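Common to both upcoming complexes is chain A, partnered first by chain B, then by chain C.
Now for the complex of A and B:
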């Protein structure tokens, strides 16, 4: 009994230490963004010899949005002879196929890939598209995105640096005003990109490739599986996080382009949002199981990068660890350790409120809205407290899914995020 | 009506309080607990107040603005101003005169067929020259200048912004506050300050002492009179590339030094500084998290990009004729004499051509 209580106390203290570490990390990022030196992105480079680019747009039943993204890509300011667009029709049952074929007939740069066999899902679809992609640089947009004219150039130019393996642009929610959820997601995105990603880039840590509004260098990412050159493991639901870690382990870099901004559609429905973060948490934790020891042992990463990489991978495991710590506190209380139960929950809640559970800490969001010059939306900040618990529950579900995946070796099924754009 | 509500509120709150005997310690404690609870709840709810107002009466619910049509174009301001002028030129007099036009606000335009200005003249209006524009020493152009032909400025002229469809010659000590652009060659005399950006479709020649932030031309060159910088000293931890022909990418965390005569078929990336000694040839680009120093008579076919400063010495060429490459540095760019850059030079700090 005494040993069990001691273990619980140690566990609770470890969780507290981890949370304090996350607070310190995010506070450091915020201070860097507010008053530190900002690292320059490659956008000022002008080069008449831009790399050849293949833009991949995975689509599953995207008739509502397919037209917009293709029109925007055709209008892009990028040398036409160096640009190829592959919209991937991934087992669509609506009119996506017809829309893509119509565009392909009118525009030779568009070469659709229709997939009706094999495994469904973004990683498998991109793997297949890579077999026919001719570009040296692969840029990925989700189908609901609307890329501005100059974004391909802004994304592709960083690959002039031989060390860059991937780049991530900034995602900006377009349907902000739809409801309270979209407004909160808008705040989260601001904090996550304007402060968190930029600060990690400034500090030489691990900015993350996010799987859309970004690109990667094909030659650094392909490897051979069963005689076929592939980039992603279709069992990993967050192929972007896996690619980020794989590149760093090879000694390559992921860079962040704050200027490469693109609108996206965020979920307008709590249920859809819950499923989305459950998938993210599951995929992220899959990557954690696979790569955490490799990061620790890597000779390609500095100590600071290793610490940042490990904190990045453990991030989604924090909510379930937190809930377990709360349970441990209750056990300690009933076991006659009231000091833990009366003092620490206050501390826990403070830490949770400030540091995690949301996709970026409150002070990061405050700093981000300040930098963005969004004067009034910052007033919604207290509402994000609700998200701490909402996200925490779905993230915990995702982490449990990943743990079961890890133990059972079962195959994952890709779930697409529902679209809300009106016809 | 408001006062009536307030009165009702006060009396209803006072009624039960009066019914309590607050001298009784138990009752007083209960009331204190209740008041503390109410205060705690109020403090909890107050932070949500502004958010609730924003939610029901939104003032900031539009998505963050993204410029859909932004593309990198060194002639952007010139093109925009030219389009404004040409659109209004229908109202301009045939020869010379002053006319008022509506831009973002009413503006006066001084129209000249061929302008030959005297020294020390202050021009308060937009200036439009149908043929050529020549101004005397110390002239000040408070507003933009546009010429359908050449522009030749005397020494110490001050331009806010100026664009020429022909050649643009800037006299020694001329200052540009915002931008200068020319379809023909641009020639900057000694100690010219080239403002935020200067661009030419043909060539851009800089004399010693010129300063700049961003330059663009198929060929940017510095005059022979400019001085040189000494190379940074070699340190024991430096990665050195010996003077031979090497192929591949050189990526390292340590400072890199390419010794005199080295020929690298590939690119260089250092998390620290990069030094090219005299006569080094690099077929790709040079990237550094620190500073980049390029010695005399080097050839770099690709881009030069530094998070620190860039210094380029005499006789070095970056890029090649017919293509566009860039020299970009966050902190500072220093150019020696006889340097050629085919394309673009840009710094967030200050760019300068060294004085003799």
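Now for the complex of A and C:
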């Protein structure tokens, strides 16, 4: 009994120490973004010899949004002879196919890929599209995005540097005013990009390729599996996180382009949001199981980068660790260890700092929205605390899914995020 | 603004002022020494006050809570005394212990299950609040089960809760100035304003903490010790940090409004 209680105490202390480590990291990021020296990306480079680009837009039942994204891409300020657009119709059952075929008939740059056989899901769809993609640089947009005119040039120009393996732009929600959830997601996005990604880029750590509003160099990504050239493992639900880690392990760079902003649609429904973060947590944890030891052993990464990479991969494991720590504290409480009840303020302080979901500390989100020039929107910050248990439950589900995937080797099924755009 | 005809034709708008884009701006650089000094200046006075005057503070809180509780609790059941704690002297409220009956505990277990089902299946806005409710219900369920199975093993009394609560709050009151000072460091704004914000947050926390203390003691007196774990785990320190974030966000919002249109605030990236 005494030994069991001792183990629980050690466990609680380890979780608190981990959370404090995350707080320190977020504080460093916030200070750096607010008043430190900022690293710019390659936006000032002008070149007439731009790389050939293939834009991939994975779509599964996207009739509500397909039109918008294709119109925007056709309007892009990029040399037409170097641009190819492949919308991927991934087992759609609505009018997505008709919309794509209509566009393809009118615009030769659009070469749709219709997939009705094989595995469904973004990684599998991109793998198949890469077989026919002619571009050296692959830029990916989700179907609900509205790429601005110059974004392809902004992203593609970074690939003039041969060390660059991937580029990530900034995602900005467009349906912010829909309800309280979308407003809160806007705050989270702000903290995640304006401060977190930019500071990681500034500090030479590991900014992340996010799978959309970004691109990667095809040649650094492709590898041969069973005689076929593929880029992504279809079993991993966050192909973007996997690619990020793979690139860093190869000694390549991921560039964060803060100015390359693109609007997206965020979930307007709590259930949809819950499923979305469950998928993120599952995929992220799958990557953690596969790459954590490799990051630790890597000769391509500095110590600081290794630490940042490991903290990045362990991020989604924190909510289940937190819930287990609450359970441990409960056991200690009923076992008559009141000293641990007085640890609760420290424990919940760390929770208060780390608003689960985007895992941005509240001061990081405050700083990000401040730089963004927001005023009244910042006052919604305390509402993010409402997400602690909600996100924690869904993320824990995702982490458990990933653990079961890891043990059983079962195949994963891709779950698309529902769209809310009006017809 | 009316454009000159030529500019209107060519879309060449001449502007006197162009603000830095949000991607390309930051605040004035600061040294680590300045930050450390500001942090200490903002947080240290409050922390020292708590450390030096916690016996007087807990006594004052207990007296105020006593007055509030006296409305609902007979005076012979209520007292102020030095309560068990790791730091002494710590003054708190003393009430008679009330253990739940088996029937009451079973009813709480049933109700917890019912509320969990209703809260988790709730409508849109209720979803995140519902998940919090589920957390509270889970704690109450475990506590009720404990009192059904082995009530004699419950290791606390009402007086012990009193000490536990006040110790917890003292920790909270030492953390609030530190948390706020650190959070406000990256923000522009004058130090007196930041100091005032911390003062207001502390005052609110102490007042709210006192009222909550009285309420918790009333619940323990009326409805038994069964609810003690929920008070500590679900509606305890976590609530304090929510309003700390609230005060912080209001301050940042005010500063943001104030600097709108100011060229001096923002610097170029490097």
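Operating definition for what follows: the second predicted complex is superposed on the first by the 408 of 423 C-alpha atoms of A that agree within 3 Å, B and C clash if a C-alpha of one lies under 4 Å from a C-alpha of the other, contacts with A are read in each partner's own complex, and residues count from 1 in each chain.
By definition in this document, a contact is a pair of C-beta atoms (placed from the backbone, for glycine too) under 8 Å apart; a residue touches a chain by one contact, two chains touch by 3 or more.
What you see is a predicted model; the values in this text were computed from it and never measured.
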Clash or fit (per the criteria above) of chain B with chain C on chain A: clash
Chain A residues touched by each partner, larger count belonging to chain B or chain C: C
Which superposed partner A:27 touches (first chain B, second chain C, both, neither): second
Touched partner set for A:77, first chain B, second chain C, both or neither: first
First (chain B), second (chain C), both or neither touched by A:40: both
Touched partner set for A:372, first chain B, second chain C, both or neither: both
First (chain B), second (chain C), both or neither touched by A:263: first
First (chain B), second (chain C), both or neither touched by A:108: neither
Which of chain B and chain C A:177 touches, first, second, both or neither: first
Touching partner for A:409 - first (chain B), second (chain C), both, neither: neither
Which of chain B and chain C A:382 touches, first, second, both or neither: both
When the two complexes are fitted on chain A, the stretch of chain B hitting chain C, from 3-11, 21-29, 111-119 or 237-245: 21-29
On chain A, positions contacted by chain B and by chain C: 40, 180, 261, 372, 374-376, 379-382
Touching residues on chain B, where the partner in the complex is chain A: 47-48, 50-51, 53-55, 58-64, 66-72, 74, 214, 216, 249, 251, 266-267, 269, 271, 284-285, 287, 289, 302-303, 305, 307, 323-326, 328, 330, 343-344, 346, 348
Complex contact set, residues of chain C against chain A: 21-30, 35, 86, 124-125, 127-129, 131-132, 134-135, 139, 142, 146, 153-156, 160, 164, 167-168, 171-172, 175, 179, 182-183, 185-187, 229, 232-233, 236-238, 240-246, 248-250, 252-253, 255-257, 260, 269-270
Contact footprint of chain B on chain A as seen in their complex: 39-40, 42-49, 77, 148-150, 153, 160-163, 172-177, 180, 183, 186, 190, 204, 251, 261-263, 372, 374-377, 379-383
Sites on chain A touched by chain C in the complex: 27, 30-31, 33-38, 40, 170, 179-181, 194, 258-259, 261, 269-271, 274, 326, 329-330, 333-336, 338-339, 341-342, 344-349, 351-353, 362-363, 366-367, 369-376, 378-382, 384-390, 392-393
